[in-house]
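Two complexes, one shared chain (subunit A), two partners (subunit B, subunit C).
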Partner chain A sequence: MQNRLGLNRLLLRKARAASVSDAAPMQPTPLDDAIAVSHKRKLHLIPIIPMAVVGFLIFLAIFANFVSPHDPKRSNLTDSLTPPFWVEGKVITIAGQDRVTPAGSMDHVLGTDLHGRDILSRIIHGTRIAVLVSGFVLLIATTIGVTLGVVSGYFGGKPDAIIMRMVDIFLAFPPLLIAIVFSVVYEPSFRNVIIVISAFYWAITARQVRAEALAIKQQDFVTLARVAGASNLRIMVKHILPNVFPTVLVITTLQVGTVIIFEASLSFLGVGIPPPNPSWGVVVSEGRDQLQTAWWISLFPGMAIVIAVLTMNTLGDWVRDRLDPMMQHL
Partner chain B sequence: MSRYIIKRSIHAVITLFVVSIVVFMIVRLSGDPVLLLVPDEAPAEDYEEMRKLLRLDEHITVQYVIWMRQVLTGDLGESTTQRLPVATLIIERFPATLQLTALAFAFTLLIGLPIGVYAAAHRGGALDFLARGFAVFGQATPNFWMGIVFIMIFAVWLGWLPAAGREGGIKFLILPAVTIGWFPVAGVMRLTRSSMLEVLNSEYVKLARVKGVRESLVLWKHAFKNAALPVLTYSALIIVFMVRGSVIVETVFAWPGVGRLVLEAVYNRDFPIVQAVVLLFATFFITANLMVDITYAYLNPKIRYS
Partner chain C sequence: MTQQMEQTETKSYTGDHLLDVKDLSVYFFTRRGVARAVDGVSFHLDEGESLGIVGESGSGKSVTALGMLRLVPPPGEIVKGEVYLEGEDLTKLSGRQMRKIRGRKMSMILQDPMTSLNPSFAIGNQVAESLSIHQGLRGKTLKNKVVDMLKMVRIPAAEARVGDFPHQLSGGMRQRSAGAIGISCMPKILICDEPTTALDMTIQAQYLELLKDVQEETGVAFIFITHDMGIVAKMCDRVNVMYAGRIVESGPVLDVFRNPSHPYTISLLRCLPRLEAVERLESIDGQPPDPHVFPSGCRFAPRCPKAQAICHETYPETTVMTGTDHLAACHFPGDWK
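Our next item is the complex of A and B:
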């Protein structure tokens, strides 16, 4: 009896997701047609690539110490500003004297920065920072957002009004500015970056989850559960929570990319992850003064950001289409 | 409708009030501005006197009330490091930010709208594919890095445009404006495309086609006029997004606007400037949101009564 309608919905989704993943060219159902019309099917094969990339990034994050060829923080001034391996040494004239610029070597595949630190190693260790920050932020923000969202949607009335007002307020702040101010109040650190970013993301999640919970609450199985004498807590945990899960998964996946960009932006401005920790944003900003001579310092970590965000967005789109075609406005 | 407007306006005011308190509190917690003004070797009396002068010795709620009363009368206080009225400083820097935002906004609409319409009309075509690819990349590329790549290509490598600064005409505006517009272009394009697709599917467009109306007329007169509505409301949010993003882009291009003013102020712990700018941006954002909500409610009665 318990939760029949919701369960059916979930099973349906699971069945659909399963049937798509094991047989790529399947018969299109009317639902798939509808999706195709609004979203242009291109996603049947695609998740394999982003999933592989995400797996690779997580692998890099965990085994950064073993994978990266050099210590990302150790400077070695004799190697300063070595270009990537394919760049050859050039003769330039400085103050009437001919000098040969250093040539790239396989020792530093993507070159080095002003302090002679290996860019590739810094990017690899930057992956660890990006993965950890987005992981922690989404864990915190999702936990708070889902809890408050479910409570808000389920109870309605006063609690709902208060929570939603809070959401409004948090979403009304200019996030970057507040984050900048915060980082100056409390010295920039890994922990503070996570706190600041989470403070904005819980609100987005809470708003979405509330809307979903509101709709679920009105369904028959919730009424039946209540008639059967289930407590509010039990209804929320056992009946509403499982049904908002697909929404939460979609929101969270789609948020990863924006969290990565947010962290990188803060670090770029010097108010995020403190240097010399190789956050991607930090490395990009370190190359800013060397754009004339050493373009590789800023270019490659930025590419890492784009690849990571692109991958997560593609994956998020895919999860959204698979789990809930009704949410395509997100 | 008027009830809805009143309700939403009250919410907006409450939000603004809380924002102002939080801004005030955060900024107050960020360290002692007196220490920056008074030299280290100065006697304690000087320090106390400076505190009194800035009224930092009062209770924090009193400080808030004093500050709020001033803000409401248009007095945003005096910069603690530059000894000038904050309002003057903001007004001085504002045109630079406004220029940038205006050009970026024009760029966004001029590129985003036509491409979006074209992509919808020729669904599955090469440009549609390209436009969607562009949108996907636009959303994955951080502002600051885009700016740096533009500098690398157009300033360092090709030498066409200046890398930073503002003195000397429109040339200096192009790179920062395109950098700010990059992300919103992707958004406008996607929204125009999906909105156009929806409208093109409707009965009255089919009727117009059946009647033999020229395709370009169907596209621009019949369909676009209706499809443009969501894009227009969205553009209110774009402007907000741009003004907010100005902090980053102005830093990258050393553009002397409000965004850089506030970042410098944060580094110098110049409370009044930070408070004023954050409050200004928040007010701007809340007002824009309110207007968007009211427009939506006006267009869609369902929202009004929910």
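Our next item is the complex of A and C:
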């Protein structure tokens, strides 16, 4: 912000200097230019690329069935281990015999895995799983976390102590370990993955929201709401909640990336989304054994994870900057 | 002290008062012990009257106000005393009944206009809150009422300003909006806790004028909590001077200003800057006592220039000064200058 303001001021000063030195009135005036530049800069603050990528990912998630060229679960052993389209078949010698490896074709743009399943289709359907898991997890975790956080911060005392000790306990367990134990006790499933990840994330949200609520309830307008005869519920819903909302939004967007990684890790370890469902983590782990020969199986879903997480982090940073209290009034 | 005060009060006032605070004590139970923030305070207020409560920071002014509203934050507690509002003892009401009193019969304006408005809502919505809680107004009627309230506090172009957020308003406008919230339900009593401290001098005067106008229009009774004797002189009919959790002097403003009887009041008045005086501003030596360990005698004795042996031993009885309503808690009231 400082930078932007400083720059604008610099531009304005330059513009004024220019208008003084030029005797003839200019069309348009340098001042207008400076203002136009500052407007342009403002527009550039919206991260167009990450927005577009997120939109694209959501589009893929919704229309996976129509977009993907193949059925992600259908195996076809004749197409086994087809490389991406640009890779040509080459001759390798195995045990004294020459063999020709299959060449890539446009039929399987990003190649196939050991069972001949199309990697691109699996990644596209993996997007659906990633979006659904992070959506559900953040919905559940944020709802629980915000509710308990506001209650905890607003009331203080015993409710606060109980909720915060619960948060401590939930954060004390190593989440991966819990997930593994959980998947041993129960069958790994889509639902269980969401439960396990939510159980970890609500605690983070609750702790942050509580801190925020603590600060907000000290403000005079909360006292005045009480003076006006508002009930505790009303104060929490109408006065605390809207003011923790920016924080919640920032935490949530910044968490999307970590949730995606978390899900991928669980799936990679075989305790997340059960195969043959094409979660990105599952696809990466399926390619692990062929990493030296068929690198494409693991690489492309890995790249999908990187792109998704990077995008969400960029977006989260932008949201945080936008909602920064220092910038709120600009 | 309190007994005698009550007696004189019942003598001088025949009917019941709008507000009658009797022997109110609010203690804070902290780790260091019991802090007696308000320690046996009695006063009364009539309809349409303005009462000033003056004293240094920490003398218990604000806690008295919060005590009347039963909003003392923990670890504070009302340990004794009654607060009668129109003959009803507020200390005996349930939480739900108390909520109906707050905002509708008693309301409050706080010092800092920056924090007394919710930054997430337009001011119109905030003025509307109390109205919708207590009068159940909705829709068009509610909006009209809100605009009326904003007009009453002289917000220019009130119809257009309803949707403005606090950060779009100036300090004076914010404080006026806070005032609109305070009077929105036409309370009987409006407590103003240092309402002008955060405003600059010209806006201060304007705001006080506004409050006076509002009082004329609505007949609300004011309690001004302040440390500014100037505001008391300008705005109030009667004044309570508080020191270390107790009222040390009370009476009609003119009597108290012309004939201050408690040494603390005298010192306070001497601290006021005067135009004609060229000498240095006076100050009161020493610090107010720690509310955890009040001195056993008169609480002002350690700082009092006229303190005698008796002052350090027993708390002074209340003495009636000029008129019937002017009281001072001092062993040697008024007989020194």
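Everything below uses one rule, namely that the second predicted complex is superposed on the first by the 278 of 330 C-alpha atoms of A that agree within 3 Å, B and C clash if a C-alpha of one lies under 4 Å from a C-alpha of the other, contacts with A are read in each partner's own complex, and residues count from 1 in each chain.
What we mean here is this: a contact is a pair of C-beta atoms (placed from the backbone, for glycine too) under 8 Å apart; a residue touches a chain by one contact, two chains touch by 3 or more.
This structure is a prediction, so every number in the text was calculated from the model and none was measured.
Because the two structures share subunit A, they can be overlaid on it, and in that overlay subunit B and subunit C fit beside each other without clashing. Put simply, more of the residues of subunit A are touched by B, taking subunit B and subunit C as the two choices. Once the two complexes are overlaid on the shared chain, A:243 sits against subunit C while remaining clear of subunit B.
Of the two partner chains placed around the shared chain by superposition, neither subunit B nor subunit C is touched by A:158.
Touch criterion met: A:265 reaches subunit B, while subunit C stays clear of it. Closest approach of subunit B to subunit C, taken over C-alpha atoms in the A-based superposition, is 12 Å.
When the two complexes are laid over each other on chain A, subunit A has no residue in contact with both subunit B and subunit C.
The residues of subunit C lying in touch with subunit A in their complex are 69, 71, 74, 99-104, 106-108, 110-112, 115-121, 126, 129-130, 133-134, 167, 178, 181-182.
Of all residues in subunit A, only 157, 219-221, 223-231, 234, 238-239, 242-243, 245, 328-329 touch subunit C in the complex they form. Residues 11, 14-16, 18-19, 22-23, 26-27, 29-31, 123-124, 132, 136-137, 139-145, 148-149, 151-152, 155-156, 163, 194, 197, 244-245, 247-248, 251-252, 262-263, 266-267, 269, 274, 277-278, 281-282, 285-286, 289 of subunit B are the ones that touch subunit A when the two sit in their complex. Interface of subunit A with subunit B (complex): residues 38, 40, 165, 168-169, 172-178, 180-182, 184-185, 257, 261, 264-265, 268-269, 271, 281, 284-285, 287-288, 291-292, 295, 298-299, 302, 305-306, 309-310, 313-314.
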